[in-house]
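One structure below.
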Amino acid sequence: MDEFDVIWHTEPSLDDPVLVEGLPGVGHVGKLAADHLVDEFETDHVATVYSEHFPPQVTVEDGVSKLASAEFHAVDADGTDLLVLTGDQQAGDGPGHYRLTTTFLDVAEECGCETAYALGGVPTGELIEEYGVVGAVSEASLVGPLEDAGVEFRDDEPAGGVVGVSGLILGLGGRRGFEAACLMGETSGYLVDPKSARAVLDVLCAKLGFEVDYESLDERADEMEEVMEKMQEMQQQSTQTPDDDLRYIG
Amino acid sequence: MDEFDVIWHTEPSLDDPVLVEGLPGVGHVGKLAADHLVDEFETDHVATVYSEHFPPQVTVEDGVSKLASAEFHAVDADGTDLLVLTGDQQAGDGPGHYRLTTTFLDVAEECGCETAYALGGVPTGELIEEYGVVGAVSEASLVGPLEDAGVEFRDDEPAGGVVGVSGLILGLGGRRGFEAACLMGETSGYLVDPKSARAVLDVLCAKLGFEVDYESLDERADEMEEVMEKMQEMQQQSTQTPDDDLRYIG
Amino acid sequence: MDEFDVIWHTEPSLDDPVLVEGLPGVGHVGKLAADHLVDEFETDHVATVYSEHFPPQVTVEDGVSKLASAEFHAVDADGTDLLVLTGDQQAGDGPGHYRLTTTFLDVAEECGCETAYALGGVPTGELIEEYGVVGAVSEASLVGPLEDAGVEFRDDEPAGGVVGVSGLILGLGGRRGFEAACLMGETSGYLVDPKSARAVLDVLCAKLGFEVDYESLDERADEMEEVMEKMQEMQQQSTQTPDDDLRYIG
Amino acid sequence: MDEFDVIWHTEPSLDDPVLVEGLPGVGHVGKLAADHLVDEFETDHVATVYSEHFPPQVTVEDGVSKLASAEFHAVDADGTDLLVLTGDQQAGDGPGHYRLTTTFLDVAEECGCETAYALGGVPTGELIEEYGVVGAVSEASLVGPLEDAGVEFRDDEPAGGVVGVSGLILGLGGRRGFEAACLMGETSGYLVDPKSARAVLDVLCAKLGFEVDYESLDERADEMEEVMEKMQEMQQQSTQTPDDDLRYIG
């Protein structure tokens, strides 16, 4: 295998497509949101990217293994063309993040994308009542239109900047001429958070002018709610402090 | 030294050989099983692979050092030709895992292998009564025949996928056209586990149609049993909780 | 993106310029000092260096992202020409430190620099009353003139040597013929320390013969003082020991 | 700077020279021993090796910095020609260890060495009364003559093999035709240990047929003794357990 192996499954003909990235990260918010778009609309599997910069790992489903990879799907979102990038892994090393993102942007450019949305979560450290969506953009002119779509831009957030592929889609994408924005749903940071994913999708829909059915995402949210209630019961029955019991569950 | 150094000791003439990999991992199950095959049958030492992606280390036996490496042995298993891959180390870095496995598959291909079994363990976190063997395969058509040989395929296992060389023999091997399967013996994860290795070999024998003598492996299992009993006695005599005393022992 | 991307914004015409480096490090002393020079004098933004050896990260200010980078500014310090190197990150890997510093020295050489000052902090582990500045140089002949400017050279300090870009500006710069010195302000190591930055700038001004207004730096120091007083109050009100509360705050 | 930079200071004319390596490691035994040889005999500074695989660091002595490097000295040990390799750092990454050692062996070969001794320590975890020296060799024929010189070869030691440059001098050196041995002095592992270094040198002298004055090494050992006694007094005066106070001191 070469450093990168881009397998094209189909040559998509897309109309002014928008790159939407959702790889694993805080609360799996970005991944949940991107996967939901792939699940809800008609899609074409465009390309698969393998790389030695992914962890040396296969995932297994029904006994069948799948090598660490990222997938591009052409998604017809109610007439809006999306190129959705999903996967189960981030890069395993620093330079690998730069090189993977460069490869991703190459594919997106080849598909005609000039705009990119990186979806993700921003950890608040506490349970969320109202799910805000925090934004970061590649150029100042993008702030206004996103505020109109409900995105919040805050002075000191996200405090540590944006790391990983999402950050580099802003940084490397912006340098290559992409209009790039990162939409980060607030999330506790402790749990896989379908509600935060829905908040992010709400903003994306408002901005791009399409609608998506949330039923399956809401069901997933209900399941998480049940998990949390069970955990809280267990906490009350035990002598341990709540903090000791909170683990990352999905 | 180059990035990889493949030393061929003999050009094997093998009849439809099967690659069997057993590098160190959970419970050393895969390594114990592969080493047992090399010990029990007539073998030819085919090739040694050195690489800067192995840890910078020599092992020492009777004062004589051996540079970190992987070894290929041609094994005549009762008429079935195996190419057994063993060694004392996994790769030390992520891209190294990909490149090492690619080198291993190159050697196997050169020897005529089209089928590969990666042997390993799957940690259960508790002591095992009945040793199941969990499978993962490179393509769905391999599931049925392995189930007939006693392999279990479970919905959510192994939970974290398969990592390291074993995982990549599935992932990279499958992409290159190998029919690849990973056989993972259940094991507590705390101890070197000859019983789990025997369970894995049972399945391999059933699938490939050969038999192997387990006497030396059973002796090793008895030794481990004694070690464990001693440990349990020590635990009962001490005020510490059992968990504090359980260390990885082999 | 290549391994390094040096973007030249202007071709500076500098008179015997001096490289002054201030990247993040202990107490952010070097960064505070270098940023202060850029803030207080007339400057030209000379060049930006991007690299896959920086962490895969963007910083965000007012919602607009900035890819990890280092910046060179030509600074007219009261008639003394400085080439100030600042940024928000160090390299993320060992060889990356060597390669980044080599790139930095290439830029400095191209701008005509033959002298280099790496600014930083040296941790003392306790709160500082009198801020000393400890020096390290690329050749013994530089010790005397710096002692005249108030720099202290001590037998066993800094105990662990100098690490990161500052250390390599001494090491690699010295090998390339730069007269290089590292000026390290004493600092507790627990807090961002504008007072230590002022002590370092005092020495630099004395050595190079220019003056700089400290008002904004002193204000920042006052803010830190308030933060610390608040923390001490909180400590006295709590039952925790002071050590448990001291975190790195800036 | 290139990946490696070998600076030749003189072209040594050596008679059947023996490579002696002593880089930092357990108890600094190897480094103390190698440095002692350089200090006690007439030497020529043969070559310096710089590399991006060393940590990004300078050491500082009397204010003057020295870039991380390894040094080759030609040592006339009472008529026996040694090529002594010393330095302050090991490699910072796995492949770097392989590449550095390859570079070291290139230099040694260029100087005519066909024999190599890697000096080091083997941690026992307890204070030593009688300092044994444990050996490991590149080929079995070297065991006998070293046993005659007082080296012990034990079944299961060193348990984890030999890591770092010393291990690779055995592993890579042996593969290139060097007769290579590693001499490891027993040492607690907690303290810099001049007595263990002396034990290693005793063996080396016996094997190669030269003598060295130990006065300065014995003085250093006395200093360490005083440090230890002070520590023990402090331990008895404090309520802490001895284990908590034992830190690596040199």
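Letters A, B, C and D mark the chains in the order given here, with residues in each chain numbered from 1 onward.
Simple rule for what comes next: a contact is a pair of C-beta atoms (placed from the backbone, for glycine too) under 8 Å apart; a residue touches a chain by one contact, two chains touch by 3 or more.
Please read these numbers as outputs of a predicted model, since none were measured by experiment.
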{"item": "Same or different contact residues where chain D meets its copy chain B, judged by the half mark", "value": "different"}
{"item": "Longest centre-to-centre distance from chain D, chain (CA-based)", "value": "A"}
{"item": "Degree value of the rotation bringing chain A onto chain B, based on Cα positions, nearest 5", "value": "90"}
{"item": "Euclidean distance of C-alpha centroids - chain A vs chain C, Å", "value": "36"}
{"item": "Chain D, residues touching no fewer than two other chains", "value": "93"}
{"item": "Pairwise touch network: line, ring, star, complete, or other", "value": "ring"}
{"item": "All pairs of touching chains, each written as two labels joined by a dash", "value": "A-B, A-C, B-D, C-D"}
{"item": "Interface residues, chain D side, partner chain C - complex", "value": "1, 3, 50, 52-60, 62-68, 92-93, 96"}
{"item": "Chain A to chain C touching residues, read off their complex", "value": "91, 93-95, 97-99, 101-102, 135-140, 143, 153-155, 157-158, 160-165, 167-168, 170-172, 174-175, 182"}
